[in-house]
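Take a look at the following structure, please.
Labels run A, B, C, D and E following the written order; every chain starts at residue 1.
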Amino acid sequence: MAKSIDVSDLNIYYGDFLAVEGVNITIPQKSVTAFIGPSGCGKSTFLRSLNRMHEVIKGAHVDGKVLVDGNDLYGADMDPVNVRRMIGMVFQRPNPFPTMSIYDNVLAGQKLNSKKMKKSEADTTVERALRQAGLWAEVKDRLDRPGSGLSGGQQQRLCIARAVAVQPEILLMDEPCSALDPISTSVIEDLIHELKTEYTIVIVTHNMQQAARVSDDTAFFNLAGVGQPGKLVESGRTEKIFSNPDNPATEAYIQGRFG
Amino acid sequence: GAGNEESSGSGDLSGTLNGAGASSQQATVAAWKSSFQTENPDATVNYDPVGSGGGREQFIAGGVDFAGSDAPLDDEELAAAKERCGGEIVEVPVYVSPIAVVFNLEGVDSLNLSAQTIGAIFEGTITTWNDPAIAADNPDADLPSDPIVTVHRSDDSGTTKNFTAYLEETSGGSWTAGEVETWPTPEGESAQGTAGMIDRVGATANSIGYADASQAGDLSTAAVKVGEDFVEYSPEAAAAILEKSAPIEGRGETDLALEIDRATEEAGVYPVVLVSYAIACQTYEDEAKAELVKGWLAYLVSEEGQAKAAEDAGAAPIGGDIATQAQDAVETISAG
Amino acid sequence: MTTTLQKTPEPFDLKSELQEHQLPLWVPKAIVAGAAVVGVLLAVSGAVSIAQAVLIGWALTWALPIASRVVEGGRKASDRTVTLLVSSAFGLALIPLGSILWLVISRGGPQLSAEFFTYSMRNVVGEGGGIYHALVGTLLITAAATIISVPIGLFTAIYLVEYGDGNRLSRSITFLVDVMTGIPSIVAGLFAYALFVIFFGEGIRLGIGGAVALAVLMVPIVVRACEEMLKLVPNELREAAFALGVPKWRTVVKVVLPTAISGIVTGVTLAIARVIGETAPLLIIAGLTDSVNFNLFSERMTTLPVFTYFSVKFPGVPPEASIDRGWGAALVLIIIVMLLNLVARAVSYFFSPKGER
Amino acid sequence: MSSTTEREKEAPRPVRRPGDRIFEALSTSAGILILLTLLGVAVFLTLEGLPGITASADEIGGKTGGKGFFAYVWPLVFGTVWAAFIALIIAVPVAIGVALYISHYAPRRLSSTLGYVIDLLAAVPSVVYGLWGLLFLSRELAPFYQWLADTFGFIPFFAGNPSGGVSANSILTASLVLAVMVLPIITAICREIFLQTPRLHEEAALALGATRWEMVRLAVFPYARSGIVSASMLGLGRALGETMAVAMVLSASGVVTFNLIGSTNPSTIAANIALQFPEAFGTFTNVLIATGLVLFVITFAANFAARAIVERRKDFSGAN
Amino acid sequence: MAKSIDVSDLNIYYGDFLAVEGVNITIPQKSVTAFIGPSGCGKSTFLRSLNRMHEVIKGAHVDGKVLVDGNDLYGADMDPVNVRRMIGMVFQRPNPFPTMSIYDNVLAGQKLNSKKMKKSEADTTVERALRQAGLWAEVKDRLDRPGSGLSGGQQQRLCIARAVAVQPEILLMDEPCSALDPISTSVIEDLIHELKTEYTIVIVTHNMQQAARVSDDTAFFNLAGVGQPGKLVESGRTEKIFSNPDNPATEAYIQGRFG
């Protein structure tokens, strides 16, 4: 059910600017993979290329192969809509739909697939997703208020609830906990644990402890220098990367300072 | 300035003369203006074609120096105008324009119609082209059995007013709505302006309408029955009706509002006409203005002016007694 | 967390999920190309009229959404349907545009000559003459109307969005601006006339009066368009500026307006395009003349639409020369608005957010 | 909750800097100037229109066909609303489609050029629209109307003339011309608004697996709602107030009918004013101005309804 | 130069909704004060009320007193613009100006106020601010590109640079490092250290270690329950709060889980 992802020789461009170069990585199924690395090294960019969100930006394109269970995501016959439907995403900056209520925000993706949903069924879905994102208690009395009137962390959890509600096969999360306090963070981490029994999960995080806590595999990205493209320096089992990395840069970064 | 605005005339009139009134006079006034201004390079004449009603109203309100109108002032307006002028007014006919009955009927390019038949057609009592009443007057025409589409003006117009006046006086009761400016019944098609009328009749099969003859263009026009004959419109035939008309009783010396004898049976007279007037005061406070108005009106009613109107705007010239009377009336304009 | 995850139970194959329910890539292209070929063939063969051929070709493209509904299912089909509808809407809009341009260019094009642009109609009867006076009038009156209405409209929009805050004044302004969108142009002309009569007496005809009448028509469009554009500027940006100790007015001028500039410019050009073609109000207050007048504050001025209207409506005898001039003037008017549009686009391109779009 | 009075006492008008004060004064006075202008127009209309409304049928005289003011104005109101309604029904969906095509469907490099092309429609003066309607559109439509009447004649909308013919200068043609005229207005504003949709929200929708159309529905439309309504209202204003083009195209005769393709059609207030005003004098002038007042009221009612729709979901505005 | 802030009995409302209730706190000058607490408890709200950014939101208002060196911020004679000029702010969600280049974004405070600056002076300011925010190396070659083409963390640092460039007396930072990797975080923390010799600094953070590392004082906010207003539970020297808080809730939160 869950899918593994094979990336080979992927170059990612913004127009002429090569942002990420030559990535080769396998992301195993039913596990959590964490991307770490300094700001601007291309983690978000790479993550976005995994569900073809990258190409939404004007002038942005990739070359190379991304295989999901052997199918090339960027193949000519591949429909990006299906790709994104199957590979969900939580963004770095929370982006609830300002024109929708909290309730509708959660159901936004769901409604696309099953047009007619029974009210009770919808209620269940909303409640479940919001509980999973640890937001239920805070918003259950104001489900009909706009999503934009929430605090930063609440908005982020709303976006997580929205992504979870559609039950994608693979879930990409770009710094899902950066706006969250420790308690909410632990709720999300629990969610990740729970989800990984059935889904493939990729998260970007700046928090080394978090990477160590939740991920099975870790990939470290780095910039060779200013103006240079970001590169995947090394990836592997989390224990290994954190305890005994092959590359000195990885070690430096991890040892250097803990978030 | 524009490349064409220099001219060397010998006239010594100068100043700006503003007028407003019938939009149908627009083309004629443009023609007059060009010669008048060429002759008098320091004079400028402006004419706002706001419509006869608007023109008369503005003249009465003192907004313009002269007015052009498709109909003479009525009694109420006359009183108000006299007040504005502080004395008599000068109201002279400046041209006659024949109104043609135009039609679009495949295979037929001439028709003879009597006033009674025309009235019945526009009244809606005759509805097909092969109606006996039409057929009787046109034994040679191959009349179809199609329904007649009448076209009338959707805007208020002097043309409608004069056309219905003609029907009112001569149709012998087949036209019942009287003399009106606004077309009275909803039946039939309507079109805006002379151009719209011409275009609509041209575009609509089996249609019939009425329009200023000078604009009729390629459309076929009907000959109307006068006495025992059928008369095609022509400038001469139209002008001839003025001979048959007399100034309305009880107006001032210089007010040449005419009672047109549309019911005339005289041979060679085309009775469906519209007479256009120019209206001005007899006295103006300002000497120069008085001279200018006088010069302008004098030009309009002069033979030269009439010829110009006929040539460049297709209007029928006024002639004979009326012309002389008009010239005399204009001569009375003065400062005072 | 006690809730369990109910996953879709049936095991599914990625291949089928991702690919099989999809039309091969060549299908849409083939259908569109096929429809086009059929249409062209029909049109060329003369079996049907061009309009019918277009219609048939268009009908054939519906094979795509239909095929999609069968093969790809509802969502994809809706997407394709909408794509087809939206493109058809665009095509549909081109029909009147094409036919109008063709009409105006074919009839007005031959008129354009040096004389046409440099001569007025003073003392011209029949052939010859030009639109110089009307061109001057149009440019001056429209410029004056723009100068009057854009500041008023823009400031009002700013008031409504940035200062009004839904208070009573702002609500009544909104209300009145709404009503103002419905003033028939002739009423605006009458109003301007009545206004100027108060100061100058009966019979007054002034270019500036025409500008006032046009401004009455322009203001609501400017207000509405600007208001909508200002509303779309995210509050985030205002807050960012405030937090830097930037006074509100500077925030509005330097952050909000530049962000909304392209929409504002579009709104203003729309408003100009809307009034530059007005006839009725100008006739009442700006009058009609054959001569050139550069002074907005004295005497009459003719504008291109008024010129067009009367050239076509009361052409004189024979009518052709005058009617042709009317078409020529209409073409020039369209060209002016086009140029204006281009300039506006350049302006908004220059100011609008860099990058992104 | 502190009561408002208390709050007002505690926080008197905050200090303003001169720049702000001037700017606010400027923008407020711009608003007030509009208020005054409109007041002027309203006073003018009321003063000039009132005699027309109160005049008895005889006073108005033959110009209205012997009808009193209200009997006279009613068919005009009907025609105005009916023509504008048909025009909007046609124009709004097409305009939204075109705007959407330009903002989200057309190849990005082309989109600004395509926008320009549609803007050209806004450049056409209404006189030319009138001529186009008269010389081109009505002639092209005539066979189509005949076909409509022959095929769907049993539906009252397509009844045609009693004699069996149709008129290509009917209200439907006029409405089509109006639709073409308002199309660029609605398109231009919608396009700008669609383009303003934050990338963030579009991406949110796409990431949920939305197709392009679903993205538009989820992120673009809700965000643009108030703008679309505003744009349509501007279009409506133009459709209601347009004079020349309607006057030139429509074969109007002041009846009330739903027949779309007959030769007797209701006239519209604005066109009627344009047609009748030049030759009007005396009380009839007042009657015409009073009809202008009625048009005011209609416009207001339409806008009021539209505003109400938009206001209801104000909290959910896109600007947050 | 630096100012201390005294807050007494401050209630903060969104329309009728009381978001934060009865805050009494003194924020000492030339020191760093950290606000911690669960998501939605009103940290951002309170922070925004300290430079009158709160009242920018429609319907939002406060009652109570905020004294800066004895002057009531909400006094009748106080100009909010001056307040904000003196009290700078970095927002939770990065918000660079999309219409401006990176260079202009940094100088926004000056440019928007039309301060005349020599080119060389401007260049120095930009470079200094970007260096302080640790962004200089990454963007120095593309200062004329739009600010919106940066990665999330880069945008956040750009906003920090922008706030620092105007040299406010007091600097409020709402989760300035949440989007940053450890290296950038340490640059910002260094910046905070450097600044506190001259400025008063308030930061909101979810990261306990960070609070412990950088702050001299800590204030803990909490929610009594769902739908209840947030409250200041306790505040004091950071060592004390972290080692021996007075209130059991504080202890629970801090002990409960480390971010």
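Going forward, contacts are C-beta pairs under 8 Å (C-beta built on N, C-alpha and C of every residue); 3 or more make two chains touch, one makes a residue touch a chain.
Just so it is clear, the structure is predicted and the values come from calculations on it, not from any experiment.
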Minimum number of chain-to-chain contact steps, subunit C to subunit D
1
Top-ranked pair of chains - ranking by C-beta pairs in contact
C-D
Would you identify the chain whose C-alpha centroid lies closest to the centroid of all protein C-alpha atoms displayed?
C
Averaged-CA centre spacing for the pair subunit B and subunit A, given as whole angstrom:
83
Which integer distance in Å separates the CA centroid of subunit C from that of subunit E?
46
Centre-of-Cα separation between subunit D and subunit B, whole angstrom:
38
Going through subunit A residue by residue, note those that touch at least 2 other chains and give them in order.
58, 81-82, 86, 93, 112-113, 149
Two or more other chains in contact with one residue: find those residues in subunit D.
17, 20, 108, 135, 198-199, 211-212, 214, 223, 274, 277, 317-320
Residues touching two or more other chains, restricted to subunit C: which are they?
75-76, 79, 235, 247-248, 250, 312, 356-357
As the complex stands, subunit E meets subunit C at residues 51, 53, 56-58, 80-82, 84-86, 88-89, 91, 93, 95-101, 108-109, 111-114, 145-146, 148-149, 159, 162-163, 166, 168
Give every residue of subunit B touching subunit D within the complex, in rising order.
23, 50-54, 56-57, 77, 127, 147, 149, 154-158, 180-193, 196, 199-200, 203-204
Enumerate the contact residues on subunit A facing subunit C in the complex.
1, 3, 58, 68-71, 76-79, 81-83, 86, 112-113, 115, 128, 131-132, 167, 187, 190-191, 194-195, 198
Touching residues of subunit C toward subunit E in the complex: what are they?
165-166, 235-248, 250-251, 254-255, 258-259, 351-356
Touching residues of subunit A toward subunit E in the complex: what are they?
14, 36-40, 42, 44-45, 92-94, 137-138, 140-141, 149-154, 157, 174-175, 178-186, 206-209, 226-227, 253, 256-259
